[in-house]
Amino acid sequence: MPRSAGTLLVLLALLVLWQGLHLLVGASSLASPLQTVTKLAALLATGEFWLNISETMRAFVAAFAISLFGGIALGIVLGVRKLAGNVAEPILTTLYSIPKVVLYPLVLLCFGLGISAKIAFGVMHGLIPITLFSMNAIRQMKPVYRRTSQVMRLSPSQNAFTVIMPAILPEIISGVRLGFSLTLLGVLIGEMFASQRGLGFLLTGAINLGQIDTIMAIALLLTVFAVTCNALMMRFDRRLTHR
Amino acid sequence: EEISVTQWGASLYGAPYAVAMEKGLFKQAGIDITGIIGSGGGGTTVRNILASATPYGEVAVSAALAAKAQGLDLIIVNTGTRSVAEASMVVMPNSELKGVEDLAGKKVAITSPKSVSEMLLLMVLREKGVDQSKVQRVAAGGYVPALTMLEQNAVVGSVLIEPLSIIRKDKYRTLYKAGDILKPMTTSVGITTRKFAQENPEKLKAIIAGRRAGVQAIYKDPAETAKIIEKLYKLDAPIAKEAVDNMIPPKMWSEGEFNVEELNRMVEGLKLIGEVKSDVDWSTVLDKTYLPADLQAKQ
Amino acid sequence: MTAASGAKVVPLAPHAAAQPHARLRGVTRVFDLPKSTLHALGPVDLDLAKGEFFSVVGPSGCGKSTLLDILAGLSAPQSGTAEFEGKPIQGVPDGVGVVFQEDASFPWLNVRDNVAFGLRRAGVDPAEIARRVDYAVGFMGLKDFAASYPAQLSGGMRQRVCIARTLVMQPRLILLDEPFGALDQQTRLLMGDELLRLWRETSATILLITHALDEAAMLSDRVGVMSTRPGTFIDFVETGWEKDRDSRVVSTPHFGDITARLWEKLRIEALKIMSAGKG
Amino acid sequence: MSEKLLRVIIVVAMILLVEALCRFGIIPRMVMIAPSDMVVELGKILASGQFSADIRITFTNIAISTVLSVLLGFAAGVVIYSLPSLRNAIEPLLASYYAVPTFVFYPIFITLFGVGSASIIAIAVLLAVVSMVTATLNGLDRIPRVLRKTGQIYRMSRVKTALLIELPAATPYLFTGVKLSVAYSFIGVIASEFILSGAGVGYAIAYAYNLFENGHMYALMLLVLIVVTIVNTFLNVIDRRLQARRQR
Amino acid sequence: MTAASGAKVVPLAPHAAAQPHARLRGVTRVFDLPKSTLHALGPVDLDLAKGEFFSVVGPSGCGKSTLLDILAGLSAPQSGTAEFEGKPIQGVPDGVGVVFQEDASFPWLNVRDNVAFGLRRAGVDPAEIARRVDYAVGFMGLKDFAASYPAQLSGGMRQRVCIARTLVMQPRLILLDEPFGALDQQTRLLMGDELLRLWRETSATILLITHALDEAAMLSDRVGVMSTRPGTFIDFVETGWEKDRDSRVVSTPHFGDITARLWEKLRIEALKIMSAGKG
């Protein structure tokens, strides 16, 4: 697997760069890879930290589930209803490029504090990309597939589950991958404001106290988590679609 | 039930609640407080309070007044902290600056415009007779970035606050402690909605009484307090100890009684940064009826 | 060379007299565009005899695929009547198989599953599915690729997958829309031979749309030449080949005659467009 | 045209609905002020110039960050494109990039770039640059080989081929990257200000939020919304011009 | 019908005897793949007489475009020699024009600017550019589209833009790689006539790669048939058409003879692949 070997090399180079930067700017601004990993291990050894992780996870899983199912459903509706899709698309792309953080006060005011605001904020980030990708997946599905299922006289449900779903899956997965990352980001930002638990809360605390090793450890954890999930989804995609 | 406390976990405002919770003092007073909702402070805390099932919380005076000014139906039912002893100004160890007077004509870092850090700086300058327009204030966005600016010589001094100042005390020299220069003033107050107060006077009284018991416990046994803080705030033992010890002499935590003089001192400060435009008519804001009877009498 | 001896060129279809397998009368199709309408096809009269191999040639955009859609029941004619096995075509009739112009293989299924797709949906017994799929995969020369996915195959092989997928349903009328468009001449020739073999074995009626005149000339019993849009049949050319023919007919003089006749028809049609304004 | 009309009708209807909800007190004034009030407030703060320093800082930072991400992203894209083995190694990482919470690197940036605009710009660039890299790679990939061959046939130099053939051929894809860079620069700058900084529109919104100045807060939100919409519409017009020549 | 009377079919190229315009001897080309090498072409010997219209037919992937690249100086042969006008080909020689298999029109330039592109790069005087571009645009029937962008044209028209762009450079050797691949038969026929007219007017040497045997038979003086990869010439077929021919030759019996011969060659080649393993 020379491909992943190359990726490993790049990761190694990043590590070296990280260490170099650490030496350059000093330990108070950037913890070294070793310090970070040690700190992460220490954090992971406390039950407290796992509580925070599970808090973040709860919000994230809920937000992601809503983005996922809501986004796909909405995307499919907009993809099938051409007019609705054409009308909605520019609105959605504009909403997508709004810095959603400016709406955070509004979210707090509407949802109160606690998990629902975090979930809402995660959904605001993740829903639109998944919707847009799903909509385009339907729109760009080769018309010949529809004709084929007609010629084979498939029932509507056969058509939906054995033709349309598998045909649009790859696009949907791309959307879901982006939606995944952005939902996570949204939940974290949400936690950085008003909460008493969660990784975002820990991050705020660490930033306020200048605990750089904690910051880096959480960032590392999040990065590893997100990159792993992403890689798994890509793997799943390749497995399933053979393209 | 959960209540909100500003800067929970980051500053010692919350110590009485921590102690009261740990030692079961709230339960003794007749209420079961299970958790504290923390936040970045200011209006966020006020909003958290409003959104809570038990809308009581301790917030900065400025936030309470701002919320009131915007027409929120709030009342102040007790006071929280009454000292600025945790705030200081640091310089690099090799700095030539000796005192507040030397700041004239120099650049110093504050967290953000109109923040408490700026207010305290301005109050100190006024106290020491330094023209505030001669000191250039740079907003860093937070205490840690402010220290970074200091280290990079972008400024000569930086505001700082405990426990950060204790954690990093070896790296800087303290130019002044705000608590040494400024007279005591009310820095945080307990607020609630008028509606909640009318419907649940007993609960409210229990919270205030529980907190008061917490404050008394702190002064009685600082060592134990430090242990509790260490645990709940996840601080190192010596730092927690020093942080608590520093706050004992200036009597940081009030038992809840209102002191108009100290309240007005804070308003003077808020006027300096322009957050409050005129004197505050406390009678419309304060409600003493939920304080323990002995404290109601104190002025 | 067994084929083509004594074959004649007969201008109009004698099959039309018998009870036709499929029958179009005065069929037209008009598309509604955003601001106008487009008369795409017709009026077309066509009779396909049972077991006939019929090819359609005509310029691009003349309505060949539209014609196929109507026969497949995928779209209804604007006017006129379309019948299959004596019944009017409404929706896709049973017994009709279609190989589309575009690659319609499902990229998420391997070759075997692609071929078995229709049978599974129709609820055919698994043992029977296996039998039929094996046969079709072998027949189309895909045995070594049964477990491959379409992305790993060339365009020509993918088209074969689609043909096999249609075949296993054992349609009585097979409609093929330029199935060899992506192939080079050599492979076309080989595929043509296989198509002929298939046709003989199943005795299905075949309608083949192609733009290659020589392909039409070599494979069909009868070639219909269409005009430019709105497409109508301007000529029917009987090839007179024996049923037992194969690609060797290309080296007979009669093959040259047929292609020459087809070319001449097309050239006249082309010159008409020319004089009407440059295409 | 009718789609456009429908869209305008929908947007206007939604605004009117919110307006009505606010006016009739179904949405309390403390939660949200009516859209018409937002406009009035926006007019006021623009007239008073109260936030003009913040607005200037923010939009300058966004502009700088966009330009930097576009240039850096393009350059990096070209380099990665010309080194296929590096590219193979990097691509899986690029695909996961947005999963990294960029803003936690702020403490490092303030050490490197100091407190203030430079660090904020650095975060925004970090966020925005990758879409430009990806777009550049995509654009370079999609230059048909035959166009380069055509350049050879006309015996053009490498530089001339790059300027007269490769660049125009890749432009529509590059522009997609520019669009994304703008969007992410907006998000990066304003979010950093909101969370980390002591200046700028993002900070002003957070500050207004803290002090219950709903008028200022919603006026500033509206300002951001309007600017994003205008910039987006403008970019889309250019994009459609570029695409129109390419598509039927 | 003036053409094709008394034409004969001559197996080998007599032009080769004269001083050839272009000349290949023992030319091969091998591509380095990540894990192996691919012998794509040759050895090929070829002489193109000055003013000859030569066509190449052969199966897909046999190396036709590779051969063209070598003649155009776009890639160097692995072994053997390539000469143009007596000089070895190193880099793109002056006087050679190429129309590629893929659409090479520049989508960001309108038709006029596309056609003028090469002349501008060569620093030709603007008045002269205008004159030549006008002529070529008119010749290719693009006058009404001079200000249009390629995306607004059909595939065939875009290919004409590329031909015009090549023409204005007045090349002495024109290499055309399946220029009509995207067109239907009718339009091909018309384009073929235009190509013949062009060839007569400029008296350039033309090498045309095509996969349509009838196109090769109708247009060329001589057709080279290539084997499968690695491509070598397995036959040269002389058509014997008069220089003054046009598409009417398709309805002569001789046209049928030539196509039949080409088909037969290809069929034998195809059967060889068949027996070697299914393609």
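A, B, C, D and E are the chain letters, set down in written order, and residue numbers restart from 1 in every chain.
The rule is short, and it goes like this: a contact is a pair of C-beta atoms (placed from the backbone, for glycine too) under 8 Å apart; a residue touches a chain by one contact, two chains touch by 3 or more.
Quantities reported herein were computed from a predicted structural model and do not represent experimental measurements.
Trainee: In the chain contact graph, what is the shortest path length, in steps, from subunit B to subunit C?
Mentor: 2
Trainee: Hey, what chains does subunit A share as contacts with subunit E?
Mentor: C, D
Trainee: Where is the C-beta contact count highest, in terms of which two chains?
Mentor: After counting contacts between each pair of chains, the winner is A-D.
Trainee: Just give me the whole-number Å value for how far the CA centre of subunit B lies from that of subunit D.
Mentor: Distance between chain centres, rounded to whole Å: 39 Å.
Trainee: Based only on mean CA positions, could you tell me how far subunit A sits from subunit B in angstrom?
Mentor: Each chain reduced to its C-alpha mean, subunit A and subunit B end up 38 Å apart.
Trainee: Which integer distance in Å separates the CA centroid of subunit D from that of subunit E?
Mentor: Comparing mean C-alpha positions, subunit E is 49 Å from subunit D.
Trainee: Can you give the whole-Å distance between the Cα centres of subunit A and subunit D?
Mentor: One centre to the other, that is 19 Å.
Trainee: Send over the residues of subunit D in touch with two or more other chains.
Mentor: Those would be 30, 107, 110-111, 196, 209.
Trainee: Hey, what residues on subunit B touch two or more of the other chains?
Mentor: Answer for subunit B, listing residues that touch two or more other chains: 44, 142, 144, 148.
Trainee: Give the pairs of chains that touch; include all such pairs.
Mentor: Once each pair is checked, the touching ones are A-B, A-C, A-D, B-D, C-E, D-E.
Trainee: Help me check something: in the complex, which residues belonging to subunit A touch subunit B?
Mentor: Within the complex, subunit A contacts subunit B at residues 29, 48, 108-109, 112-114, 193-196, 201, 204-205, 207-210.
Trainee: Can you tell me which positions in subunit C touch subunit E when the two form their complex?
Mentor: Touching subunit E from subunit C are residues 57, 59-60, 141, 144, 183-187, 189-190, 211-214, 228, 247-248, 250-253, 255-257, 259-261, 263-264, 266-267, 269-270, 273-274, 278-279.
Trainee: Within their complex, state which residues of subunit A touch subunit C.
Mentor: For this pair, the touching residues of subunit A are 142-145, 147-148, 150-154, 158, 162-163, 166-167, 169, 240-243.
Trainee: Looking at the complex, which residues from subunit D come into contact with subunit B?
Mentor: Touch residues, subunit D against subunit B: 30, 107, 110-111, 114-115, 196-199, 203, 207, 209-214.
Trainee: Give the list of subunit C residues in touch with subunit A in this complex.
Mentor: Residues of subunit C touching subunit A: 72, 74, 91-92, 94, 96-98, 100, 102-104, 106-110, 117-118, 121-122, 149-152, 169.
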